[in-house]
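The structure follows.
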Amino acid sequence: MIFVFSDFGVNGPYSGTMRSVVMRHAPDVPICDLMCDAPDRNPKAASYLLAALTREFQAGDVVLAVVDPGVGSARQGLVVTADGVSYVGPDNGLFEMIIRRAEKVSIKVIDWMPDDASASFHGRDIFAPVAAWVATDQAFASHPIALDARFGPAQDWPDELAEVIYVDPYGNLMTGLSARSLDEKITINAHIVSGARTFSDVSEGSAFHYRNSIGLCEVAVNCGRADKLMGAVIGSTVGVN
Amino acid sequence: MIFVFSDFGVNGPYSGTMRSVVMRHAPDVPICDLMCDAPDRNPKAASYLLAALTREFQAGDVVLAVVDPGVGSARQGLVVTADGVSYVGPDNGLFEMIIRRAEKVSIKVIDWMPDDASASFHGRDIFAPVAAWVATDQAFASHPIALDARFGPAQDWPDELAEVIYVDPYGNLMTGLSARSLDEKITINAHIVSGARTFSDVSEGSAFHYRNSIGLCEVAVNCGRADKLMGAVIGSTVGVN
Amino acid sequence: MIFVFSDFGVNGPYSGTMRSVVMRHAPDVPICDLMCDAPDRNPKAASYLLAALTREFQAGDVVLAVVDPGVGSARQGLVVTADGVSYVGPDNGLFEMIIRRAEKVSIKVIDWMPDDASASFHGRDIFAPVAAWVATDQAFASHPIALDARFGPAQDWPDELAEVIYVDPYGNLMTGLSARSLDEKITINAHIVSGARTFSDVSEGSAFHYRNSIGLCEVAVNCGRADKLMGAVIGSTVGVN
């Protein structure tokens, strides 16, 4: 299966044209839009989110992942194979947490570049055909690099990130932290939040943190929006003690 | 074909991860996202809307339907088979109008529950695999129940609901009523609305009710938004006389 | 492949039910949602946008294109075959720029109409089955017409349109003009805009025009929104000199 993970949003021709290129080059591989509202032009937050979503993937899957503020710049394109799953996208830190948490990793730089590649849409012009070729075991120009050669600044990111990394459509705050024990308290913008198992365990309007469906520490409000209540956005600091 | 009907919205990882689970378990069955903005956490309005959409389904189809404010609570999971179409989702009234309007109905309670089911996402963890198994005739733990054993409060809902049940992206108001005769007048928030066949039959800015494309009585404004004009939302009362 | 191009938006049951009809009638043909936020009820702007997107299509593809303010009125349904790609949709000018720019064109009027067609949703009831039949070489009632018999007013539209035809999710302004030379300046709402190759070639907050990924002259702001900065919307005039 080929999964698509991007910050393109659902509107515009971007998701559709990128998907059509994948379908042209790998007509027999099922394609699944995983999410299209990854943290916007924010490879750091997206890296922690994507790593939490890997539990949906199986060996042999390919993930076409594009969160890429630097398109048109000198950043390279990568194929990262981590525990049997291949990730295709930009070398800007997006794959950092996947690389770091995997048991077995190899990294290749994409050397292939079509003559008519646009300056602004490498997702369609480079990453989509490469993802299709990886999924169907077809060759393309590339060369391996060592783990140490990966995107520099990302190497300084912590293993777990005490920040909000995603605000979901319900206003829930996903953090870059693994789920916490129910006994622990966390803090966001001076709001002190206790743990609970799920929504019905707290009173209406109350905030709580819980283990979300992808294993992260998430802050929610029963019948409310945690983002509004706490004035929190992607990047807001999470206090743990 | 497997249809998906949910209130998850298009953003977030929810629709994508649920769909990927269906694709894993039923790789040869086509999957169609029917709508993802069903009445939010409102099984009652969603029940009338889903029942109107059944004309799109054929015997053998499976509908994975998740509008589920009580996830994590004690409500059961159901497989409802109505006139050859199977519906998989929560036992909270969502399938009430389908059950009531079908000629031939059987209901099974889903007994299967994976050890690692999350507390918050039964759509992905329980209903998606069960929908795939129903579509491919695979066995899973379940037991039949009688029609009378279905969700209690829903049994008091009227056969036709004189309320707005959905506001579409154009601001049109779908009601829980079958299409009315053109001679009839209806009332929403003190606005008296006459019938017309279609948009071009009324003057610009005028409201009218008409038979919408799924057979419901719908209120629209030619070149305008009925929801704004009438201050109407899901749940607004519709007067009929 | 069957592509879907519409102004239906992602919410509501419209895209899903139309897609399911295509899947019923052409189960073995892959379907790709190209975009669902084409210029709203604006066949003129949509015509220039769709013509720019044709570079994504290959001979044998079918494009189900529905931007149709006149549904329920007397406009005809068309199958336009242009350089091997077939377009199915309303005869309201939507296919004008495709017809005009193609080397080889034929046009057929759709005579088939099911008895139970709704008054408001020809996308689902007429265009979707016809698109599926065209994709699978199945017959349906139709008759050819000459190029000159196409939608009248559209024949007066210019070959290139000096207007904004689409505002993308990033606030970038696509124009109905082919990409301009970098030396040229264009004007939108009194903002004079120079050319650049891509975002990183201009300073933060600066507007520029560039060749976008579908070959159009597009106006963007590095790290900003051109629509907000310039107060521009679909239909805003573009000055060229």
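Every chain is named by a letter (A, B and C) in the order it is written, and numbering of its residues begins at 1.
Throughout what follows, a residue touches a chain if its C-beta (ideal position, glycine included) is under 8 Å from a C-beta of that chain, and two chains touch if they have at least 3 such contacts.
In this text the structure is predicted, and so the values were computed from the model without any measurement.
With angles rounded to a multiple of 5, the C-alpha fit of chain A against chain C returns 120 degrees of rotation.
Annotation: the chain A:chain B pair of sequence copies touches via predominantly different residues, less than half of the used numbers being shared.
The geometric centre of chain A is 31 Å away from that of chain B, both derived from CA atoms. Looking at chain B, one finds that residues 10 touch two or more other chains.
Across the interface of their complex, chain A is touched by residues 8-14, 16-17, 19-21, 23-24, 27, 70-73, 118-121, 124-125 of chain B. Contacts from chain C toward chain A in the complex involve residues 1, 3, 10, 30, 32-37, 53, 56, 58, 168-169, 197-200, 210-214.
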